[in-house]
Structures are given as C-alpha cells and as structure tokens.
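A, B and C label the chains in the order they appear, each numbered from 1.
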Amino acid sequence: MTFDEEYYNIGYLDRLSYQDTFVHNLDPRVKLITTMLFLFAVVSFPKYEIVALFPFFLFPVLLLTIGEIPLLFILKKVALVSPFAVFIGIFNPLLDPVQVTVLPGLTLSAGWFSFCSILLKFLLTVSTALLLIATTSFPGVCHALRQIGVPSLFVSQLLFLYRYLFVLAEESMRIIRARDMRSYGRRGTGVKVFVRIVGMLFLRTIERAERVYYAMLSRGFQGDMPALRNFRITAADLAFTASVMGCLYLFRFYPVSEKLGLFAQGLF
Amino acid sequence: MSHHIIDFKNVFFHYPDGTEALRDISFRITHGESVGIIGANGSGKSTLLLHMNGCLMPSSGTVNIGDLYLTKKTRQEIRRSVGVIFQNPDDQLFMPTVYDDVAFCPRNLGLDEDAVRQRVHDALSLVNGLELQDKPPHHLSGGQKSSVAIASVMAVEPDILAMDEPAANLDPKSRRLLINMLKTFHHSKIIASHDLDLILDVCRRCIVIKDGTVVADGPSTEILSNRALLEENNLELPLSLQRS
Amino acid sequence: MHMADALLSPAVGTTMWAGSVAALGYSSRKLKENIDNQMIPLMGVMGAFIFAAQMINFTIPGTGSSGHLGGGMILAVILGPYAAFLVMASVLTVQALFFADGGLLALGCNIWNMGVYPCFVAYPLIYKPIAGDGTSARRMSIAAIISVLVALQLGPFSVVLETLLSGKSELPFSTFILFMQPIHLAIGLVEGVVTAGVIRYVKNARPEILQSSGAFRPLDTGISVRKVLAFFVIIALITGGALSWFASTHPDGLEWSIEKITGREELAVQERGIAPVLNKIQEKTAFLPDYTFRPAVTGDPEAGNGPAWPSIEAGTSVAGIVGSAMVLGLVLLTGIGVRSFKRR
C-alpha cells in the first residue's frame, strides 16, 4: 500500500467513527469491554473448533450494519493484515496429518480444521477490533480508558498521538511527494534518502513539540492534563451490555450451530 | 489587573542555535490600545509575541505586563491575563476534539464542568463555530482551525490579546467576522500580521520591526501609507490605500 | 512482526498483558516522579512521528512483514527508556486500533515484544555501554545497529514462544525459530542502519538535542544493569510459573499428542485446582467432526451458582455442517435486514 492510500485509509476509518448511529452513541466503555469479552470468548475456543465459532459473527455483523460501516472497507483491511496469521496457520494441514472423516467419503487432515479455526478466529477478532474503532471515536476510546483508570500520562500520550498523527502524516506525505516529484521515476526510496526524510521529519517534529508546548503553557498548562468529559451509562448501554454478554455466554457454552443442525435434521 | 500595560525595555533574545531574533526592542502599549506589528518574514514578530506571556524569556532586557515584571515565577499569573494565538493553528489546537481544546484552559483554571461548558459555548459562538464542537481538529478546514484557535483563547476571557497571523486562512466572511470581533474586544490587543488591511482596520497604532529591531512606531494611517518604508520591509500598501 | 489474536490462547494473551501493564505502570510512575513538563507534548508528538515514519517504510519483500522502522531505539536514545516505552506502547495501541495490526488481545504481547526489549534490554544493556557519553558518532552508530539487532532478535523469539505456547500452530519450535530469526537478522540490520542514520542526522543538524537530552531525560542514569537483570529474572520466574501452570492445565499446550485428537486424554491428572474449570470449559465446547472426543462429564462443575450446563450429546458432523450453514445464513439475514431497514 502506498503512503497516500494508507493515510486516507486511517482517515476514512476515523471519519466513520464520528457518525451518529445507535452503536456510535453507546458509551465507549461499554463497547471497549464487550469487545474485549468477545475477543476473549472467541480466542478461548480450542484449536480445532470451527462450528461453534459461526454464531459469533452476529456481533460484528450487527456492529457493521447498525453502525453503517461499509463491509468491503473492513474486509479489505482485514485482508491486509492477514499474511502473518495465514502464513503460520498454513503449515497446520501439513504438520498435523491425522485423517478425519467429515462425511462418508470426505476425509481431511486434522490440520485443516485447526487452520480453518485460525482463519475464522482471525476474521472475527480483526474485524471486531476494527469495528470498535469504526464505531467509537478515538477520543472516545481514550475517555473510556481514562475513566477505567488507565494512568493519565499514558492516555494523554494516546491523545497527542492521535491528534498529531494526521498532522505529521500529512507533512510526511508532502515530503514524499516532493521526493517522488524530483526523483523522476528512479524511485528515491533507498535507505539514504529514507534516512534523510526521517531525519528531517524528526527535526520538524521536535520543533513542533516545542511550539505545542508553548501553546499549552499559554493556556495554563502546569504539568497535569485536565480531566476529560465523563460519560454516563444510559439504559441503552446497559441493555446493550446485557444482551451482548448473554449472547456471548450462550455462544460460548452452548453448541448453538450443532443444536440448530440437529433440529433441522429432525425436521426432515 | 486594572491597567493592561505592556512594556518592553531593551529586550534581546537569541535562540539556542545562536540566531539573534530580537535586538534591543523597546515599546510601551497602554491600556485599550490596539497595535499592529508588521515586518518581513523572519523579522521576529512571532518571537516577540512569544515573549508576551513568557513562553520565551528575554536573554536580556525586561518585559512588564500590567504591574508584573516577567520572571519565571510571575509568568503563570501573566498567562491568565494574556491570551496568545499562535501562527499555526495546528500547534495551538493540541487536544483531540474542538470541545476539549476550547475547554482546556477553563478546566486548567479549575472551573467546574458546567461553567466550562458555558465558557466553551460562549467562546465558540463568538467565532460562529458552535457546530464544530465535537469534531477533531484534523477534520476542520484551515480557516475553521483558525477560528477555533481564537475561541480557545477567548475562552479564558483574557485582558490582553496577542495574535500571530489570525486571518491567514480565513475566507472573507470569517475574516470580516474576526475583524468585527476584534473591534468589540476593548482591552489591549497586539496583532502581528502581513494582512495590512486588517491592521489598518483594527489597529490605531503600528510597529514595524526589521531584523529584530523596531524601525518605525506610530499611527497606522501614517505608517501604512508610507510606501517607501513598507517596501523596504517587503510589504506593500494596503489595498484600501492603493487606489488613492 | 506483530503477534495476532487468532494465534493466541487466552492464557498467553493474559500473561503478556499482565507483563506489559506492569511495565506501563512502572514507567508511568517513574516518569511522573520527575518529569519535565515539556516531555508531555514531546512524547505525544514523537509517537505521531514514529507512526508517520513507519508509514513511509519500505516493506521487506517476501516476508509479509511490514518492516518497521525500529522506532523503539530512536525513542529510547532521544527520550530515555521510560518515556520511550510509553510512546512505543501508545504507537502500538493506535496501530492495533487503526490498522488492526495484531489485535487487542495480542496488544499485550506486541507491547512486550516491541517495547520492553528495545527500551529496557537493548538500550540500557547494549546501547548505553557502547555509545558511552555520546561524543563519538561512530560508537553511537555501532551501538544503534547492534542494539536494534538484539532487540529484533528478542522480539521475534517471543513471537515464536507465544505462538507455540498458545498451541494453535503446528509449527515445530526449531522450524519456526529457524524461519523467524534469520529473517529478522536481515530486517534488524536494515533497521539498525536506518536508526543509526537518523541518530547521526540529528547529531549533525541539531547536536544540542542529543546533548541537552540530559534535561529531557532526567532518568537516564536511573537504570542500572543489575536492576534490569533482576527485573528480568523476576519476570521470567513469574511468566515461567504462569506458563507452566497453564501448560499443565491446558490440553492444547506445548505437547500436542495423538491421544488428544483421539480423545484419550488423561483427565485424572488435571482434576485439581483451577484446571478442572478450564477443562470443563474446553470440554463443553470441543468439537471435531466425527471425533466425539468430548469425554462424558461426571458431576456438575458449577457448584450451585446458575443452572447446570445442558448436557451435550456427541455432535455429529452433519449436524455441525448443517447448523453452521444455518447460523451463517441467519447472521447474514440479520445483517441484510438491518441494512435494508436503515435504508428506508
């Protein structure tokens, strides 16, 4: 991915997070905690589990649709980060050759199951993590962290990082465009050029930090970042949490897919 | 402070890398005066403004704000009465949302959240920016950023206002709004700008600096119609005076 | 290389989170004690810098690795280890959120792998002794390259351990190591050279930043080699303990054996402590088509609170497949339903 694409990508994700829908309006703490529980539940399945994972798709699908997030965008981002997990998982079918009969006449090595399980878990965890930020503005996440009790020094790091991410990314984009414009096709991407660009960016950053510090001083900063807005838990938040936790519990400890399958078989 | 006097006496300043940015600057601005500071790029305007509330301390010479002599100890107090708006709104707006940014100072003053909300509301309506309050600064246009930067300083209700290029990114309507706002601000104000029409409109008095020293100081109408002086400082006659 | 949620078991994820949270708490406290206020915006903006610089990065072909600028080392040199660690952690957090690099559970691992090693191992143990007082540019460059190399060997080594301890991958330890370490030797070399280059660039252009960094980094001398070693011994003991506990209770632990696939695991061994609970959870859910290796549950594990688990019959594969298809269909329908409802 080129720099521009990558930049517009986060920019887009960021923009999505400022929409006004039911999930966007939920308390960030609630979304953070339910997402963590969700991830935990998914990851806690043993390595060969496949069938029991499917019901969990309900959560990301609901976030996606209610939050009005474009599906393709999320899928693309998931695909982008997949290489490592896929790479590690792809060896399982080779290394775990115990044969398993799925249906009469269809035999697969057990490794395929663990591989599929990794892929499913990957899809679930990554899409849900992305949906968390697509439905909760980053400052919202930070407010939540602060209210949960994360040290304010760390939270203020996150806030500054978020604030200046876009400023600096735009600055580096300008530098890179200038470089590409002057390197006439011979892509000036060698280490030497890279070092100079990074060095220049670094110095500008130091100077910027100085000016930001002056701005903060001018507005009464004396070492403590002021507390942020407090969110209040509403009935909708409670209902959301309760239903998500109920579903997670059900999906985790009760074989929903299997039961449904048995039920369907019973019908025919 | 009842009288908002700014008094610079023989101020010198050099940056750590040795650049002599201010050389022997002296002037006195009395209560309620509006002063424009003009000069070429790199003449030292921004550096001068950073001295107004002790972000930078003079290498030698003295700065007095009201009846306070600027030292490391007094600068906290001075900062409460002097609002400085920086040249680049991206440096000024360091909080992740407009609301948090405008609320930064009131919160630092220890106001409770209701009072903070009121201040934010007032300051943002002053610049016509109420609907921006939940946005992150990087979603704002350049001009909106400048407006919010102004609001973030106005939220402190300063006694003295120092602005560095306040109108740089503003469209004509927002610029007009800013000019009207400045005209209703009755305390002392200092505006460094290349926008000479704005200076002419808002400031009675004008100081020209060149290479860190004051080369002219007088009524705006006089200085801003002095073509030779202006051209010597990489400036041009204000548009409104060019026709005549 | 970012660890991923999908490869992680809850036990390993939690352990690594605990380690990283401890390091975060410790660094925050250390910093708070005597921080120069100017550091606060500087750290934040530096994080944005690392983030932006990583976006410019050249990818190292064929590895699927995003070939990061070893931000940790540059930060440690400029800001000192504690601040650098906090900045690294915030960069990784934002990456986990915005790029889904790794994931939220794996964030603990990633903070550990990419924050702790450069800031608390490579910097005090390698960079400082070699670079000395920072007057010799050559020594600084050598120090930067070696310390980045070391940090980038430790990180992937941890990734290997975390993956294998999680038991989701079948890769044998030796193969995995042989694959990861040499690649990261190459990556580390490139990053080391870049890091050295940037430090040198800064030293030439604004020497006072590195020199006056004494003011920036009041804590620089605070880390002694012995302290770091002691810290790591303790951490090693804790993680060792936690992991061995976990390995002994977790059926999918390090040792994967055929017996487990065929369902003949020795449950008797694990009927003590927290193990049964974990096992019960696993038993309830384990499903592999036609391998009805879910052992018969004897007795109710949940002592009194809540209803007993519904007893589960052996899943048959057909039911599993049919059921999964139905569930997916239902989920999709729900999604489409919500979408079309919203469109109206």
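Note that a contact is a pair of C-beta atoms (placed from the backbone, for glycine too) under 8 Å apart; a residue touches a chain by one contact, two chains touch by 3 or more.
These figures come from a predicted structure and were not determined experimentally.
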Touch-based graph of the chains, sorted into line, ring, star, complete or other: complete
Geometric centre: closest chain by C-alpha means: A
Of A-C and A-B, whichever chain pair has more C-beta contact pairs: A-C
Distance from subunit C to subunit B - Cα centre to Cα centre, in angstrom: 47
Chain centre separation (subunit A, subunit C; CA means) in Å: 15
Distance from subunit B to subunit A - Cα centre to Cα centre, in angstrom: 42
Multi-partner residues of subunit B (at least 2 other chains): 94
Subunit C, residues touching no fewer than two other chains: 41, 206
For subunit A, residues that touch 2 or more chains besides their own: 14, 138, 159-160, 162-164, 167, 208, 212, 216, 221-222
Residue ranges of subunit B touching subunit C (in the complex, touch as defined): 16-17, 94
Subunit C residues touching subunit B - in the complex, by the definition given at the top: 41, 206, 208
Residue numbers on subunit A that touch subunit B, as the complex places them: 14-15, 18, 137-139, 142, 159-160, 162-164, 166-167, 208, 211-212, 214-222, 226-230
Contact footprint of subunit A on subunit B as seen in their complex: 50, 53-56, 76, 79-80, 82-84, 86, 88, 90-97, 99-100, 103-105, 107-109, 113, 134-139, 152-153, 156
Subunit A residues within the subunit C interface of the complex: 3, 6-7, 10, 13-14, 35-36, 39-40, 42-52, 54-55, 57-58, 61-62, 64-66, 68, 77-78, 80-81, 83-85, 87-89, 91-92, 94-96, 98, 100-103, 110-111, 113-114, 117-119, 121-122, 125-126, 129-130, 132-133, 138, 141, 151, 153-154, 156-165, 167-169, 171-172, 176, 189, 191-192, 194-203, 205-206, 208-210, 212-213, 216, 221-223, 225, 252-262, 264-265
